[in-house]
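Attaching a single structure in structure tokens format; questions to follow.
Letters A, B, C and D name the chains as they come in the text, with residue numbers starting at 1 for each one.
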């Protein structure tokens, strides 16, 4: 169980079967960094191009197509004291006939208090001058190389993960990905200091990150979409448009999980989910939207 | 401020400009009951036909088209010790190619412990024999007469409310409806003892209810979609298909609210919502789906 | 087989179980008129309110819930020499981020040459001064009373017909509706002199009409969505959002038709439709969109 | 203007920036072949894997990102006397609650009469024994390397083309693609002997093809989605889910075209499209659906 300190020097704008930057073993831990959506590092220098330049890929020895990669998110924290957002709601989350009432979007700056763990608008209007929000940093875009040798833009997402922009991917969570390529080829990045549900202005508070994660290769499991586990919930992730289809992917994956690993019949899974399921809206901005299907662990016990 | 005890004898399967069953004043309280989705009363007798027979309409003196009706949900509680659900996930929440793996749906019974405030499957399989869930009773279908003299089935929903099947409509919440018809013509019913997000088996635990509510007529406000207020949040409701459009309705309504009543500019509203908004999935089963856009009251303070 | 000359004096803005304006027999013919979308008659006088005031309902003796009403469209022609349209594409048919490039929509006038059978812009810009289009008049909104005593706005559509805005509903076509109410209660109106696919400016060229139709009651058939027959095709109509669901309704209805009346197995129907089906986009503007599934009669022979 | 005879020996299952198999000049013609969806060549031998192995990429000298590649489809014809289809409608084109009435899909064979230009089921049931359909061969999947160095599965489509499965891409048509990569990198394949609208069984009649095309590089034009031109129409192509979004892409692209190259204002374009536009449903099966927005050339004259 090695701990690797890895400082990226190459960044990809696609998630795909690129040359690995580091080979690690099952069980290893990586401490690394990511730069932000538009390629700015901790010093505000643009060292790669948008969108969402990725750190990695990390090659996990022993991971074969058909396996599952467990990714334990151990530490995700901004490594600079500022971030930025768009300042106008995305056109696609508003009624079409209301869109023209919105001004043109600009990029604005937020100050991050790393010690206190809060963010504030750098230049707030009076109405928002008291707005101080707690940091809740997560990765917006990360995943493994997709099937069939594809290399897919970090603006979108799919069964392999990608730009899901789900604010539940915080430190403490374990994420499971289906492995499509030898070595899994894990990519990480796109830090958000905080974000509302849906990423409805098209950004979270975009930041560069310090990241620590540990990987495990799980043999003999078959999953179709990303799954996850927090202290309180198990969850599944569907990425698609419209949201309806994202719900279908996530719900179907949850049924598979309850059936295969918890031994529930289709009817038992239905009875449980029908009265207990929760859904989170990951993003409704990117080319593929994200819905998350959740179940409290307490209920499964 | 009168308290009316009203015992329904007629039930409508549409929400519309029907003959009022009771005329009440602005500020009055009504204590009444509702029967369940398939017309069964507290004794299990079928006294009206499905879907969702409504108690009402209640005519609120002084409510005119263009006003807002504030509906304070004060008490919503099952008045019998059992309910029922479908026991198979709805086809439309599963991947189309997975649908045929599901058995045919049947209606099953749940026992309600009214004193303890819990529900359990009446005839559980071993795997679910320990499943005991807390009651969280709410109304699935309620609203005011829609625009243009329409009478719309209680299976669906729209700007006037209707079959939203959102589990957030519990006692303690105030709901605001746009008034489309003289007297507002409030309909209530479709009790659920508990339900997961989305009503994904097509039912909550369907029950007859005791209901107490108080109404207020608000003049000089203009709203387009139902709004609400709980102890923790303000929220707006969009009803449409696909979910994407429900999100558009709810988000646009929230922007209008923040702009008109909290004095925020479009950019201020965007900054606030972008990093703080929450969404709930009301239902993804009925002809119109429901998404709820929420904002913590603490953030608005 | 009586021919009724009927001159409307009352107009409804909902399709529902209203008091019939005329009772007719199975096989009867009606010659009547309709006024336009905004209630203007042949003289340009506003005699009813928008949207889409309907002529009718016509009560067809012998039509019972569960039957089918066959409506033979025999004559549909403008009865005045002008119409009007909106002049800007609807926001919902454009990419959300392109919407704000469109000017505000206005109502503009078109001249109709009733003898020659053509339309032209009344006040064309130079670039469109030679645009002369052939009349292709049809009814945008018509149908029978919907299920459960509903009365639904003429702005939308459903299994009962309604505001489908499909340009294929021209004279010569027979339309089949499921009957939901005693007497069927047929409503007609919303003339369009011509329209492109989808009604993408939100209107056709709106006109008042002369209409002649004949009705037949078909017993012992069960249909779920409107069906139709032209000289060249049989077709089925799905009304819903998104278009995907409208396609599902129309396709499923076509499969039912091929199975029940042409004796094809599910596989035979699939083989035929897979390589021969055609789809028309009825409207992508109204609350419910319309897709039409078509099959050439020659192929069925 | 060289005519290249090119016999493929490598096939890609993604459309991307792969090593070119041939470099050609602006104005050159290529005569080549493609194998079918599942990698079978003219002899029925499987020489590549599914889905949709592509012939190419062809590097067009002088094509730079930001240019347009004009692809003249000159000859597209099956080079063997049989094809195959799935024999059951895809789950996603049916009402979810109807899906389970369909049997499991199998692959079936069709006979192609290359001389007569017709197709018939190889082993028809009596009801379909007289079904003889005219060949109308086209390419289901073709396009140029997508943006940002992506390599995207030939199961889906986007602004770069891909698996659009639109039956309008027949010989005689010119298709215009935005160029994203140096040399454009054209891929061709996925022959269909014939197909209905929408590819609703998930296949056309899948065949290997003889193909001849000529390319031209157009400088100084900017397009966002594929465009095309047949003898009768100009058209634009939108690829997305749901169909609604595909309509938005295609319609917006048509407005851009009418504005930039025909000099129409937004209002003139709206007036023309509103009353004259036609839409074709390309596919409603693949991960991205395809809608085509068409305008008769005669109207533009």
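Criterion: a residue touches a chain if its C-beta (ideal position, glycine included) is under 8 Å from a C-beta of that chain, and two chains touch if they have at least 3 such contacts.
What you see is a predicted model, and the numbers here were worked out from it, not measured in a lab.
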item	value
Longest centre-to-centre distance from chain D, chain (CA-based)	B
Interchain centroid distance [CA atoms averaged], chain B/chain C, Å	34
Chain A and chain C, separation of their C-alpha mean positions in angstrom	47
Per-residue multi-chain contacts in chain C, two or more chains	92, 94, 96, 102, 241-242
Arrangement of touching chains [line / ring / star / complete / other]	complete
Complex contacts: residues of chain C adjacent to chain A	90-92, 94, 96-97, 99-100, 102, 242
Residues on chain A engaged by chain D in the complex (per definition of touch)	13-14, 16, 147-153, 240-242, 245
Chain D to chain C touching residues, read off their complex	85-89, 92-96, 98, 101-103, 108, 119, 121, 125, 127-128, 131, 133, 194-201, 203-205, 241-244, 247-249, 251-252, 255, 263-281, 284, 289, 291, 299
